[in-house]
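What follows is a pair of complexes built around subunit A, which joins subunit B in one and subunit C in the other.
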Partner chain A sequence: MFNFCTDPDTLPQLQWFACYLTTGKHMGFYASFGTVLLLLAITAPTALLFGFGGASAARARLLPLRWFGKAYIALVRGVPDIAFFLFFVIALDQAFEWMRHQVKCPDWDQPVRQGNDFVVCAAAKMPLGTSPQWVHETYGFFLAVLTFAIVFGAFAANVLYGAMRAVPYAQIETAEAYGMSHRQTFWRILVPQMWVFALPGLSNLWMVLIKATPLLFLLGVEDIVYWARELGGTANPRFTDYPHGDWRMWYFLALLVFYLGFTRISELALDRIMRRLSHGQATAAGEAQRRTAGGPP
Partner chain B sequence: MKKLVLATAALALSAGLASADTVRMGTEGAYPPWNFINDKGEVDGFERALGDELCKRAELTCEWVTNEWDSIIPNLVSGNYDVIIAGMSITDEREQVIDFTQNYTPPDPSAYLALSADLDVEGAVIAAQTNTIQAAFVAEHGWTLVEFATPEETIAAVRNGEADAVLADKSYLAPVAEAEADLVLLEREEAIGGGVGMGVRESDGELKAKFDAAIQSMKDDGSLNALISKWEVSSTF
Partner chain C sequence: MSCWQTVQDYALRSIGIGERLLPRDDFTLCQQFTLIGSGMIWNVYFGLLALLAGFFLATALALGKASPNRALRKPAEWFIFVFRGSPLFIQFFFAYFLFLSLKGVSSIFDPFTSAWLGALAVLFLNTAAYSGEIFFGALLSIPRGDLEAADAYGFSGWKKFRKITWPTMLRLAWPAYTNEAIFLFHATTLVYFSGFPAWRQKGDALYYASYFADKTFNPFIPYPILAMYFILVTLTIVGVFGLVNRHLNRHLPAERRMRMRVRPTLLR
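This part shows the complex of A and B:
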C-alpha cells in the first residue's frame, strides 16, 4: 500500500503497523464488514416480508393456507439453525439444479444421484462451472440471504401473528360496524396498529440476526469472524512478511467493539421508531405522549 | 474427405471446449506450508504451486476457493467445487465417499509438538484437528483426545495448557517449533496415513484420470520432488 512497505523487517513500529494493517489480507477483513452489513440490510426486510406472509397465512380464513402458515412457523422454529444451514442450503441448491436439469437436459440418461454424488449436466449447474469466482460468491451470498430470511421469517411470523391478535378487538368491531370489508379492516385498521405490539419482539430478532452472521462461513461466505480468526492466528515468519504471535484476542476485541457499537446504534434507532409508532395509539406509551402534548386527560 | 474435415473440426472444437473447462480447486487455506492465505489475501503454499502446475499440464483453467475443513468433503460431493487439494491423506474411510488421485507426497510419519521433550504421550491429553487421520489415531488408541476445528487452535491448546501435545503432520509442526522456543517436537513419531492425494467426486473419473496423468508426469521429470523440497512438506519420492 505505502511505498515504504517493501522491507517490513526494518520499519519502526508505527510504520510497521501502517503496512501490516493495509495488506491485501486485511483489505479482505475490512471488506467482510461490508458483506455482513449488506447481508443484514437485505435480510432484515426480506425476513420481515416472509414473516408478514407467514403471519397473514396463519390467520387466513382458507384452511389449507392457514395450515401452511402454521406449519411454516412451527417447522422452521423447531429446527436448530446450524442444522438448517447445513442441510437446507444444500438441499435448496440441489433443488434448483435438479429443476434446471429437467428443463435443459431432457435426454440425459444417467441417474442424478450416484451414491453420495449429486450429478447434473454441466448446463444445469448453478452457477455454471465456467462462471467467474465473483458469480459463485454472489450466488452463495444470496443463498445465505434466502436461508436467513426463511429462518428469521418464521420467528418474525410468530411475533407478527401475536401482534395482530394484540390489536384491541374493539377496533376491528368498530371497523366492521362502519361497513368495512374483511380486506379493508385488515389493511386499514389491523396492520397499521399491530406494529407497536410487534416492535419489541422484532427488535429482539434483529439483535439475534446481527449476531448470527458467523453462520455465513458454513456457506463459504467469508465473514468477519472467519477473517479475525485467520488474521489473528500466529503468523510464522516463513510464510509472511509480518510475523506475529497469537493475536486473536485483539482481533476478537475489535469485533466485540464493532458488535457492541452496532447494537447500541440499533437500540437508539429502535427507540426512535417505537416513539413514532406509539404516536396516536391506544397504548400506555401513546396515551403518555398524548398527555405531554397537552391533550385532555 | 468431407467427412474427415468434419471429424477434424468436431475434434478441434471439442478439444477447444475441454481446454476452456474451469476446475474449481477447494482448499482449507489454514495449513502452512501446504496451503495458507498469504499477505495479499490469496491462496498460497505448496499445494497452490502444485495445483497451478498440474492444471497447466492437464490444460485446465483452475479457480481457487477456500472452505472450512469440517465441511470440505460434503461441499465437494454436492458440487460446490471439483477438487479437494488440502493436504488430505488417502484413507479407506474417505475412499468410501470420494475418490483420490495417486498420491503427490509419500506417506510420512506424524509428529508430536509439546511444551517439554520428555512427555509420555500415552496417558497425556492430545490435541488434533477434527476429521484428520491423527484424530482417528488418538481415538483408536483410547488416549484422551481434544479436537479443534482449525490446526491453529490445536497449537494454542498446548500453549495454554488445555492439552499436553499436538499430533499433526510433521511439516506443519516443524516451522512452529522453529519459530517458538518453548515448543518442541517429540522424538516419538507415528507412521499413519497413506500419502496425500487430491480428492475428486466418484462420478468424476475423467478429471481424476487427467490429474493422475499430470501428477505422474511431474513425478517422472522430478519437478514434484523439487517442489516438495522447496516447501519442505514431506520426504521426496
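This part shows the complex of A and C:
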C-alpha cells in the first residue's frame, strides 16, 4: 500500500504495522465488515415482513393457517436458533435444486435421494457448475439471508403477535360497531396502533440480530469471523512477508470491541426513537416524560 | 445390529464410554436418536452448571450495579455491558484463543483450553451478566412499601436482604429469568462450533446432528430429532421454574400472583 512497504523485514515497528494492516488480505477483512452490515440491512426488513406474515397467520380465521402461524412462532422458541441455521442452509438448497429438477428434467427416472447422496440432473444444480465464483458466493449469501429472515421472522412474529393482542380490544369493537369488515379493522385500526407496543420488542430483536451476525461463519460465508481466523493464525515466514505468531486472540478482541461499539450505538439510537415515540402517548413512558416536563400530576 | 445394542454402544459415547468409532455408513434412525441424545449430556451439563453458578454471581452483580458506591457499581456495570453487548459466539472464540496463549504462561490454564472447563467458564460469566441485568431490574422495582415495612419491623443489614429484598427480587425477576434459562440451554449448542475442539469426536447434540447431516446429506432427520430433544428440555425448564415460581409467590393472594407467561417474550 505505502511506498516504504517493499521490504517489510527492515521496517521499524510502527511502519511495519502500517504495512501489515493494509495488505490485500486485510482489505478483504475490512470489506467483510461491509458484508455484515449488508446482511443486517437486507435481513431486518425481510424478517419484519416474515414476522408480519407469521403474526397475521396466527390471528387468521382459517384454522390450518392459524395452526401454521402458531407452530412457526412456537417452534423457534423451543429449539436453538443455530440448529435452524444449520438446517435451513442445507434444506433450502436442496429444496431449490429439487424444484428446478422437477421443472428442467421431467424425464429423469432415478430417485433424487440415493443412499447418502442427493442427486439432481446437471441442469438443475444451483448455481450451475459452470458459473463463475461470484455467483457461488452470492448464492451462498442469499441462502444465508433467507435463513436469517426465516428464523428472525419467527421472533418478530412473536413480538408482533403480542403487540396485536396489546391493542385495546375496545378499539376493535368500536371499529366493528362502525360496520368495518374484518379486513378493514385489521388494516385501518389494528396495524397502525400496534407499532408502539411492538417497538420495545423489536428493538430488543435488533440487538439479538446484531449479535447473531457472526453465525454467518457457520453458513459458509466469508465473514469477519472467517477472516479473523485466517489472518490471526500463525504466519510462516516462508509464505508471507509479514510473519507473526498466533494473533487470533487479538483479532477476536477487535471483533469484540466492534460489536460492543455497534450495540452501544444502536442502544443509544433506539432509546432516542423510543423517547420520541412515547412523546404524548398514554403509556407509562409518556406519562413520565410529561411529569418531568412539569405537567400537572 | 439391534437397536438395544446401539443404545448400549452409543448412549454414553459423548463422555467416552462405549464404542469409540462413530458409525460411518448405513445410518439407522436408532443410531441418530441415540447419539444425538448422548450429546445432550453435554448440553445439560453446560446449561445446568452455568445456571447454578451464574445465579450467585448474578445476584452479586445486581447488588453491585444498584450500589451507591462507585467502586462497586462501575465494575458491575462494565462486566454486564461487555458480556451483554457482544455476541456469545465471539466471546467463545476470544476466550478459547486467550486460554491458548495463557497456556504458555502457566499450566493452570491447560484444562481451560478444553470445552468442559473453558466453555463452561464463558457460559457462566455470560449467563451471570444477563441474569444480573434481570435481577438489577427486579431490584429497582421492589415496592418501596415492602422495604419501609422491613425497616419498621427492625430488619437491617443481612437479615433484611435475606428475608425481604432477595426473595422479592427473585419473585419479580422469575418470569424473565426462566426465559434466560431457556436461552442459556440453547446457547450451549454453540460450544463445539466456536473453536473449542470436540476431543475424540465427543461433542454435544448439535455436533452429532450436524455430523449426521453432513454424512447423509439429509438434514430432515437429525435436526428434527435434535429439535425434539430441545423441546423436551425447554418444557422441563418451564415446568421446574414454574414450580419454583409457585413457591416464591405462595404468600400472595391468588389474584396478585405473578402468573408465569406460557409464551415467554424475547428478552435477550
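Here is the rule we use: the second predicted complex is superposed on the first by the 278 of 297 C-alpha atoms of A that agree within 3 Å, B and C clash if a C-alpha of one lies under 4 Å from a C-alpha of the other, contacts with A are read in each partner's own complex, and residues count from 1 in each chain.
Going forward, contacts are C-beta pairs under 8 Å (C-beta built on N, C-alpha and C of every residue); 3 or more make two chains touch, one makes a residue touch a chain.
Being a predicted model, the structure only gives us computed values, none of them experimental.
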Touched partner set for A:L205, first subunit B, second subunit C, both or neither: second
Which superposed partner A:T138 touches (first subunit B, second subunit C, both, neither): neither
Contacts of A:L218 with subunit B and subunit C, given as first, second, both or neither: both
Which of subunit B and subunit C A:A83 touches, first, second, both or neither: second
First, second, both or neither for A:Y259, with subunit B first and subunit C second: second
First, second, both or neither for A:M249, with subunit B first and subunit C second: second
Touched partner set for A:D117, first subunit B, second subunit C, both or neither: both
Which of subunit B and subunit C A:L75 touches, first, second, both or neither: second
Subunit B versus subunit C as contact partner of A:R238, first or second or both or neither: first
Shared subunit A surface residues [contacts with subunit B and with subunit C]: 86, 90, 94, 116-118, 217-218, 229, 246, 248
List of subunit A residues in touch with subunit C within their complex: 73-75, 77-83, 86-87, 90-91, 94, 113, 116-118, 155, 158-159, 162, 201, 204-205, 207-208, 210-215, 217-218, 225, 228-229, 232, 246, 248-249, 252-253, 255-256, 259-260, 263-264
In the complex with subunit A, residue positions of subunit B that touch it: 20-22, 24, 29-30, 32-33, 36-42, 44-45, 63, 65-68, 71, 74-75, 77-80, 82, 97-98, 150, 152, 155-156, 159, 175-176, 178-180, 201-203
Residues of subunit A that touch subunit B when the two form their complex: 23-25, 27-28, 86, 90, 93-94, 97, 114-120, 125, 129-133, 136, 217-218, 220, 222, 229-230, 233-234, 236-243, 246, 248
Subunit A-touching residues of subunit C, taken from the complex the two chains share: 25, 27, 81-82, 85-91, 93-94, 97-98, 100-101, 182, 186-187, 189-190, 193, 206, 209-210, 213, 215-220, 223, 226-227, 230-231, 234-235, 263-268
